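Each chain gets a letter, A, B, C and D, in the order it is written, and its residues are counted from 1.
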Amino acid sequence: MIVVMAPAADAPAIEHVIARLTERGFDVHRSTGAERTVLGVVGPTQELDTAELELLPGVEEVVRVSTPYKLVSRAFHPDDTLVRVGHPGNNEVTFGGEEVVVAAGPCSVENEEQIRRSAAAVRAAGARLLRGGAFKPRSSPYSFQGLGEQGLELLRMAADAEGLALVTEVMDPSQIGLVAGYADMLQVGARNMQNYVLLRELGRCGKPVLLKRGLAATIEEWLLAAEHVAAAGNRDVVLCERGIRTFETATRNTMDISAIPVIEKRSHLPVIADPSHGIGIRDKVAAMARAAVAAGADGLLVEVHHDPDKALSDGAQSLFPEQFQALMDQLRIIVPALGRSI
Amino acid sequence: MIVVMAPAADAPAIEHVIARLTERGFDVHRSTGAERTVLGVVGPTQELDTAELELLPGVEEVVRVSTPYKLVSRAFHPDDTLVRVGHPGNNEVTFGGEEVVVAAGPCSVENEEQIRRSAAAVRAAGARLLRGGAFKPRSSPYSFQGLGEQGLELLRMAADAEGLALVTEVMDPSQIGLVAGYADMLQVGARNMQNYVLLRELGRCGKPVLLKRGLAATIEEWLLAAEHVAAAGNRDVVLCERGIRTFETATRNTMDISAIPVIEKRSHLPVIADPSHGIGIRDKVAAMARAAVAAGADGLLVEVHHDPDKALSDGAQSLFPEQFQALMDQLRIIVPALGRSI
Amino acid sequence: MIVVMAPAADAPAIEHVIARLTERGFDVHRSTGAERTVLGVVGPTQELDTAELELLPGVEEVVRVSTPYKLVSRAFHPDDTLVRVGHPGNNEVTFGGEEVVVAAGPCSVENEEQIRRSAAAVRAAGARLLRGGAFKPRSSPYSFQGLGEQGLELLRMAADAEGLALVTEVMDPSQIGLVAGYADMLQVGARNMQNYVLLRELGRCGKPVLLKRGLAATIEEWLLAAEHVAAAGNRDVVLCERGIRTFETATRNTMDISAIPVIEKRSHLPVIADPSHGIGIRDKVAAMARAAVAAGADGLLVEVHHDPDKALSDGAQSLFPEQFQALMDQLRIIVPALGRSI
Amino acid sequence: MIVVMAPAADAPAIEHVIARLTERGFDVHRSTGAERTVLGVVGPTQELDTAELELLPGVEEVVRVSTPYKLVSRAFHPDDTLVRVGHPGNNEVTFGGEEVVVAAGPCSVENEEQIRRSAAAVRAAGARLLRGGAFKPRSSPYSFQGLGEQGLELLRMAADAEGLALVTEVMDPSQIGLVAGYADMLQVGARNMQNYVLLRELGRCGKPVLLKRGLAATIEEWLLAAEHVAAAGNRDVVLCERGIRTFETATRNTMDISAIPVIEKRSHLPVIADPSHGIGIRDKVAAMARAAVAAGADGLLVEVHHDPDKALSDGAQSLFPEQFQALMDQLRIIVPALGRSI
């Protein structure tokens, strides 16, 4: 941490700041320039509140220099992390390697026919995981809330029938045991990105985690959320960009494609993209999916429904099976440009 | 809901949209202009996804016209709601009436001396409720997480000693019973504004609720969150503005003072402001507190600590007792301009 | 325009609104529902201020339904516009057709060797236009401000030597005549997107215009700026996405890739992307360039300098010639996925 | 400037960064911690691009520590600047002192009767300056563009008749001479905040400048714009907050009231607020005006029209004279809380 003293700060003011910091066990390096003095603070500065120091007399600005995350930082772990999902020799798939991994399926599982047909369609087009919600957070209390455990059974059956791995959302710590009994990968939704109790419990669940970015979360906060999972013992975390909130109202969210190369530089964790939530309307999903893969995403999470017009949730952003097939065909042309396969 | 057809939309396209809507039980009013046709859709349109209609051929735009909230809307309930907190004849206080109600106290309860001295200080300056956290959401797993039930006991004791009502945060549905046993008003934090399970349970808890605005929540989403509590049976909701996330980095958040007159026009619920979290640094808290009250806020939530430099959390945004006293003195000068008391 | 009356609005309130509108020459269609009355307003409503109507008693909300732009709207002109730049049989290039058109070159022209070598490098890699600034808007008065007319001469000479068309920025109406004497296409920078005097004069300049999106401009405001140029007589406008301002601080701007498919749906004008300004740092430019093209951009504007470490401006976001060559090679793999060439 | 090296950066990488910086004439202080090395860079670092350094091998982050503005910074000039506008002994008024100074009047001057009656009304209520536009930036080419020089004559005449000072907008460097011939203070609109040619010329105009904040400008960029005026020779600059662009759509802009105490801490220049543009609708202007003054604003810029329903521009945000009178009466109650007069 760097404490920048004001040009007008006199010696007693500087000494006072140094005393306060050393009292609390930090080492302080003093650097005196022509115009002002700068103090370097060494120690566990993540416990220090910058605002607190800024209130001391003579302090102009306080700047953190070390990233608050360690376990997920590329600075401390330069090699890419490979996250393996599913069972070796059966439905196993690896995020973060040469393959661009696609998870696809409906927003919610609704009934056996729907999930079987959707699973068959996405597998035929090249998806490696089935996605689908059994527990759904909905803004209206009158909307379809998901099938719960029965949905999990249907998802597992449909995934197994097609040899796909399964990823599904968990909304609450109390659901982890149940969901982990069925799914190969547990998803944390955008609204839960800072639900620390949930993150901590997922750190102990023994299954890989798919962590979506919150609507108003900076990349640093997102990595810090991943740090929570890792600190609790689980380093198998895959990040998922799904759009941030900006002033633009022409799209539901603004998909931050630049987060993909930024994460790649800052963290060793795999990062994928969810163009369906990112753009929110079917006719632009393929464009955003291609953009994410071209920018270097390690995979995609795409909503596909065998009959979107009848979907009970998010039908307008779900692709028809033939649209998904066309998208996969386009991606097969694109990925060699990045030295990858799909 | 209004469906605006494109200028080029022909009769079959228009008929198709009308058929789709009537099939689903809506009434459609057709209005044909020189340039385009506009369809008015009547029925429970909150269940319709605008994006879904926008995908139909010939549709240019779909606009919702009715607000998605009803119970909390001033359009359906023109008179101000008065929210009574505490016990009549003892520590009762009313939000939404002529009095500007101030809740104050430390970020977290830390020990008996701290909470007793803080409670005495805020009451001496004119606060009517004691605030303080026993359960704390923290971004770092290494930070102080709150005292839990022991904290609730200390808060209750300190509030009773001073004749103050008590407001404290509840983070999870499983804590509601416990917290409601001690507190007079239950607070929902910004990160939980869209935790629908929690909102629903608070709708059944029998105590008034203080609902903070989420960091990236629009005013409409905030009122919709209040609608969840009301729909579950509890209309005693007080809204609390505490800053939104914008591009500006000079302040922790951007406190949206304009939300105060906007809420006053759209909803009959009381609205208060939390300048401590809104601005995030002590030396500007009083300015933002005065601004909120001058804009018409029905109350304030202010962090005050008897010794902020020793606080275990948020010390930098906590006022010293004498600063709080000075603020209250300023507010006493200001409120007659709004025909109110404090 | 749609005027939504409040549920509580009585007949005199509704009649008053209708009277005010008909007085001003509008036609009003009244639609009465169970809960509220909705008025459809027909006529030149772009002159009406929605806020003005919202102040009338009984009015709940006013919604615009027709887009405020016409000439640049796809609703009124379904076919793609092709914008031809340069001289037929010589350096002509077409934006909006099958070819993905790349303009490349240094941020600023600095001297003859620099611009000649940069032009040769970008042409060798496949660029069709040379870009480079002779007049530069700089946030510091002490920074390099551009070479002015001498710079224009050098740019023209370098472009001609390589058979490239030339695009360069014009900052002020007084420079248009001069710049149009040298360049094939005139660029409007992001800070000038709402400089209406400049836009109007460019409507009369007889050369194609490259219109960058403002940092805080919605897509609608951007199209409205293009409408200003078109309304003044010039329909040869190419739009250029270059990043918007959001809460994220990890990148200079947030490049809004989703603007590309949105513009494609709303307007017949070509849209290109500037990944150099969009991301602001060299090591992520190629990722964003690939993303833009994969999303459907009609072209790119890329900063390339023959020796970026010595550049007088924006060196950190300029590609080395070999990086640009590698990017073009990647794009050649990608564009067949969109049925295009480069 | 601080250069933070990555934990993995080895000695040659660190030496390379130091060499690059000393080559360019900077002094470098090296500080080696347990985990990483931090370099302090001393010299005219405003010319250094942080992105450029971040590209060097082993560099993790580059942080500016000195503010890029000097002349307008409180760090270099602790005492408040008083900006005197108008003629001593006649219509002179001082911004930045004990008085809260109010400028009021119509958006545009339309005709003699309008401006005379508006001037009389605002003066009767206590305004000290007349505001009104003779040159207007409008988003539609079909809207009223202002009366030009004739408007300036009418404004001057109306101001003189009431003993008021006059502030009006200048849109282009070519208008400065003309406008300065009539007005006592020249206003720069939000869209021109980064029009550096205009700012530089205003630095030489000999009259005080009112500088509005741009819609997407950070406080730092705003102060940097003021630095341009000051660097060109004119230190009589008054800043004016008028709302920023955020995700919230319930209000035209989000008025950033917190900018007022932030500016007060960072700069010695006076800061006022424009609640009319900040909120955009008449019924909430008074609330925001009170908030700004309560937060410590040195003055207000308020739109008042003697008959807003007939205004040619911005009628919906203009106050009626009696509303303005009521607002001034409220402010007279409020300002003693800040030790000020009005």
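In the analysis below, contacts are C-beta pairs under 8 Å (C-beta built on N, C-alpha and C of every residue); 3 or more make two chains touch, one makes a residue touch a chain.
This structure is a prediction, so every number in the text was calculated from the model and none was measured.
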item	value
Of A-D and A-C, whichever chain pair has more C-beta contact pairs	A-C
Per Cα centroids, the chain farthest from subunit A	D
Approximate Å spacing (C-alpha centroids) for the pair subunit A, subunit B	28
Subunit A and subunit D: spacing of chain centres that average the CA atoms, whole Å	39
Centroid distance [mean C-alpha coordinates] between subunit C and subunit A, Å	31
Set of subunit A residues in contact with two or more other chains	216, 245-247, 249, 283
Subunit C contact footprint on subunit A (complex, rising order)	216, 218-220, 244, 246-251, 254-262, 265, 278-279, 283-284, 287-288, 290-296, 330-331, 333-334, 336-338
Parts of subunit C lying in touch with subunit B, wherever the complex brings them together	2, 4, 6-8, 27, 29, 31, 33-36, 38, 40, 42, 60-61, 63, 65-66, 75-76, 78, 245-247, 249
Sites on subunit D touched by subunit C in the complex	46-47, 49, 51-52, 54-55, 68, 137-143, 171-172, 191, 194-197, 200, 214-216, 221, 224, 228, 231-232, 245, 252, 280-283, 309, 314-317
